[in-house]
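You will see chain A twice below: alongside chain B first, and alongside chain C after that.
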Partner chain A sequence: MAFVDLSFPDELERFGVSTTLDCFNCGTCAAICPLIYEHFPRQMIRYAQIGARDRILENGVELWRCLHCGLCTQTCPREANPGELILGLRRYVLHHWRRDGHVPS
Partner chain B sequence: MYHPKAIVDLIAGNVRKTRNPFGAFHFVMNRWWKNLDLPRDGSTLFYTGLMVQSVPFIERITRQLEALEDTSWAPLVGYGSWIPKRLVQVGSLFMTTPKERAPYEQILKDMVALLRRSGVRFAYRPDLDLYSGILLYDLGDQEAFEAHARFVAKRLQEAGVRTLITVDPHTTYAFKVLYPKYVGAEFEVRTYFELLRLQGEPNGTRVTLHDPCFFGRYLKLSHVPRRVLRDVGVAVADVQQSGPLTHCCGGPAESVSPKLSREIVERRVDQLKQTGAPILSMCPICMGNLKKAGADVQDLASFLARRVSSSGNGQNRKDQT
Partner chain C sequence: MEEKRNLASDGSDAPRVGIYICHCGGNISDHVDVEVLCEKAEKIPGVAVARRNMFMCSDPGQELIMEDIRSGKVNRIVVASCSPSLHEMTFRSALERAGANPYVYEHANIREQVSWVHHGEPATEKAFQLISAAAAKARLLEPLEPLRVEARRHATVIGAGIAGLRAAVDLADRGFQVALLEKTPFAGGRVARLDRLAPTGEAASEAILSLARRVMEHPAITFYPCAQVVGFDGYVGNFSLELQVEPPAAEDAVPPSNLPPAGDGEPVFVPSRGVLLGPLPTEKGRIQVETGVVVLATGFKPYTPRKGEYGYGELPEVMTLPQFIEALRDAQADGSVLMLSGRPIRSIAMIHCVGSRQIPGIHEEDASGYLNEYCSRTCCSATLFAANQVRTRYPETRVFEFYRDIRAYGRGQEELYQEAARNKVLFLRFEPEDPPRVERSDGSSGTPLVVRVKDALTFGEEVQVPADLVVLAVGMEPTGIQDLVDLMKLPVGADRFLLEVHPKLRPVELATTGLLLAGTCQAPMDVSEACNAASAAASKAASLLAKGYVQLDPFVAEVDMEKCQGTGSCVEACLADGAIELVDVVVNGETVRRARVVQALCLGCGACVAACPSGAIQVKGSTLAQFEAMVDAIASHEAA
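Right after this comes the complex of A and B.
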């Protein structure tokens, strides 16, 4: 079970993300993303919106599959900058891995 | 897939110790300029950011990563950061062969020839031609990126550099957008093809341009190489996904997942082959990756250099290298 934390979007601002709540989850990003798997990046954005940090950290490795190609940002109807949000989540996850002494397995 | 933390720590360690992502000696990575007699003095620098020179190194490393991905050896990649810096640097002497480096060094020589032919004055400072740190930014290591960017910006500012003529989309984006935003360093940044003034008569030649994501979308420069090609009489046969809607070459995934990278590039090569025209690339990372998937691809600069020298209308022929 994931805990909801509505202050998480504010916390993400420290990692350069200011558009977390602009997304209305239409899924255009997931439809256009070259990765075409498991609702990427839409699912991660939803996790960020509701502050499901555990889910983000558990699935953190998946963030590095993103090509940072910008197609999602180019086509987002809300101009919610999904590609930059994923980059900000990388910064967030890497910060936590380092702080917690995470050892890659 | 490799664990991103292992890859990021390895690359960040290399950049911190040697100022490039491979842990290589600077003189090993940057030797294309020798024998060219390029001027050293001036506030406008031809600036490669070592990206074009990196491709033979990337090819060597990703071949090894591809072989080990998803094997029991994969987790050991992280221990690479424990290998002493000096040993890695000495190893870099043997990582690439002159034959592997030659086509990429030729791209830079062709760019120099095209700029000279267009009447552009510039200097080159091999000692100041430093890696931008863009991979650290892309991988989410903001702290390491900013530390490296501050180092590079300071070196350039102390040398009185005002204008950078860049050659690849990633270095261009770093200096045009990221350096002002994150380390407050402002340079005038022009991509080499923005400065080209070439001429040629049409002879029915068609090409297909693969727009890199950073020129097509992030920097919105796709129209410029098309203008340059039109000026030399070459028609561009575009694929459906081009310009601001271009399709990624898969290159950005090659450090973390060579398998994913290959999957993406094969899809892109299928698209590009549909026109039947020769494929041109404007980014060394794209070029390396498209070649890996078997595409017959050449760099825009090398194509243009051959085109203008064979059309016989150019002055300064002696500048062709």
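Right after this comes the complex of A and C.
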């Protein structure tokens, strides 16, 4: 994996997310998420924290699994607003999708 | 008082033993037939009464015993219950409150030694044997008087770090003379090398100065800088220490501008060194200190990483947290980027648990074969605190923390962790078997170093962090005080810190009465915990010395001068240095050698009793005759 890039959490602020680094990776969001999908949304949030842009764009489709039920945001012990973070990542992916050639073939 | 105490040897002094059997809720009575036991015990020769109770240690249980004593029904007591370490003192004090001598008491352990390990008929049998033996001994018990040892109203504190200063001030405030010893020229110890203290942010220099001022002003405290303890003997209330003082070594010489101005009583703080509290010795010398208690406040030293451990000693951009704290203190206070030695530091990688929580088979032992398996407790908060300082003072400097677990346990410390997240510190987590690797960068990172880690938070993927600086959060090790350990026979734990008697019930006492522990010589602690421990040690010391004498149990050896032939075998057998000595006495106009016991030093172990060829030495409260009676009681029972 490329270098950790802390400019990414800063960049996400333009997409309406200011709590990226508040998360302390407890996994409560993944446990409560009704999707029962492996590590969602925790893994995405971690990729955002370390600035793994490629991983986020590669796996962008996953972001659209979210039902926006709000359970993760309700239970997050750090009030890091994981639901909103996922929505912010959607906005980021949309913004970069076509330009960066991440259209699934 | 005298009259009450003599109850056991008053006019009607035939031994009348009372046996008190405890059910311990059901702990005992579920397995031992206490009813049968009670009936049988009543028939043991010399037993006046046998009773039982659900909880003998309860108030009604104790009252049962006290009532029998007051009415004169019994004058020797046996309680059959739990381990004597739990309740022997409880029942001795009940005897005392009923006006009896507290030493006409014998304890039979029928819980740990019987009901918890045996069941049914054999359990009851064994309980009866133990009670018979105890009753046989009880019949021969004599009233004893506790030893009284005169105590000097003087305390010595070894080490003038924050804990030593705290203990010295507390003791002096309670009206004791205090000698405060320090091997360096400075007071303040390790705290003097810190800048601001986590989690509150107060200045370390102020914390030291506020105590140092009181030490300086207090007429009862004598400060001995540049002093080492080279001689130690005596016992609680009457220790004597020999100090070696030497003029400071050249590297400790202080620039004259830092010396206190003449006539000004204000102590001077020298950053990274500590506080000068007065003139330093100009020539070598020896000083004798006579004292009542000794408080050990010898402190800790930070772990020194091995050469090559996370690049330490090989890559100049790698330093320890204590070094970084000093560098940060001396750095230009503002600017968007932290500058160290003219170099911009845009990215700092801080690695936790260096030299702490080491695991056999994973970590390498040090040169003497030790692993620091303990958690040093303070480094998490200190690292978080330093990270927050960097982030708030230099917004363009990024901080990455590599941790195994965050243990921010005290008041205000979890908040440091939350604050670090708000300050956009990035945390990466590693497993002990896959520690981060600190490497020289190939240039692609734009920094001199790269730290690679299998990040557990990114589900084990390898993550690379560019770093201008790597800071190692090193743990604590006890200061090397082997000389004191040998000299004062101090107990040392497996972790090499000094070991208290009991971690919860006697947390600042050492096994030798009169030796106390203050601060990080005992375990890793932060400043408030060290001061807590120091104040605890001071109040323990004060309670030992306050009466002007110390009371000790009378279970010590006693020489029968009629029988002693002065062979000296007891002196050879003795385990406590100086507890038995040979002295010249005049018998029938002839000078002969005889053994004499120094009661305050005697451990009451009985090694001398076994060695004496003429049976002239006995341990009070455990005489040979008493033991023989116990054996007879058990043997006769076996025969029956």
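We adopt the following convention: the second predicted complex is superposed on the first by the 95 of 105 C-alpha atoms of A that agree within 3 Å, B and C clash if a C-alpha of one lies under 4 Å from a C-alpha of the other, contacts with A are read in each partner's own complex, and residues count from 1 in each chain.
In the analysis below, a contact is a pair of C-beta atoms (placed from the backbone, for glycine too) under 8 Å apart; a residue touches a chain by one contact, two chains touch by 3 or more.
Computed from a predicted structure; not experimentally measured.
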Chain C versus chain B on the shared chain A, clash or fit after superposition: fit
Partner chain(s) touched by A:L67 [first = chain B, second = chain C, both, neither]: first
Partner chain(s) touched by A:N25 [first = chain B, second = chain C, both, neither]: second
Three-chain overlay, vertex chain A: chain B-chain C angle, C-alpha, nearest 10 degrees: 120
Partner chain(s) touched by A:H96 [first = chain B, second = chain C, both, neither]: neither
Touch count on chain A, higher of chain B and chain C: B
Nearest-approach distance, in Å, of chain C Cα atoms to those of chain B in the combined model: 24
Complex interface listing, chain B residues touching chain A: 1, 3-8, 75, 78, 138-142, 213-214, 217-218, 244-245, 247-248, 250, 252-253, 256-257, 260, 264, 267
Residues of chain A touching chain C in the complex: 1-4, 6, 9, 21-25, 39, 43, 46-47, 49-50, 52, 78
Parts of chain A lying in touch with chain B, wherever the complex brings them together: 15-16, 34-35, 60-61, 63-65, 67-71, 73-75, 87, 90-91, 93-94, 97-98, 102, 104-105
Residue ranges of chain C in contact with chain A within the complex: 398, 400, 417-418, 421-422, 424-429, 445, 450, 455, 457-459, 461-466
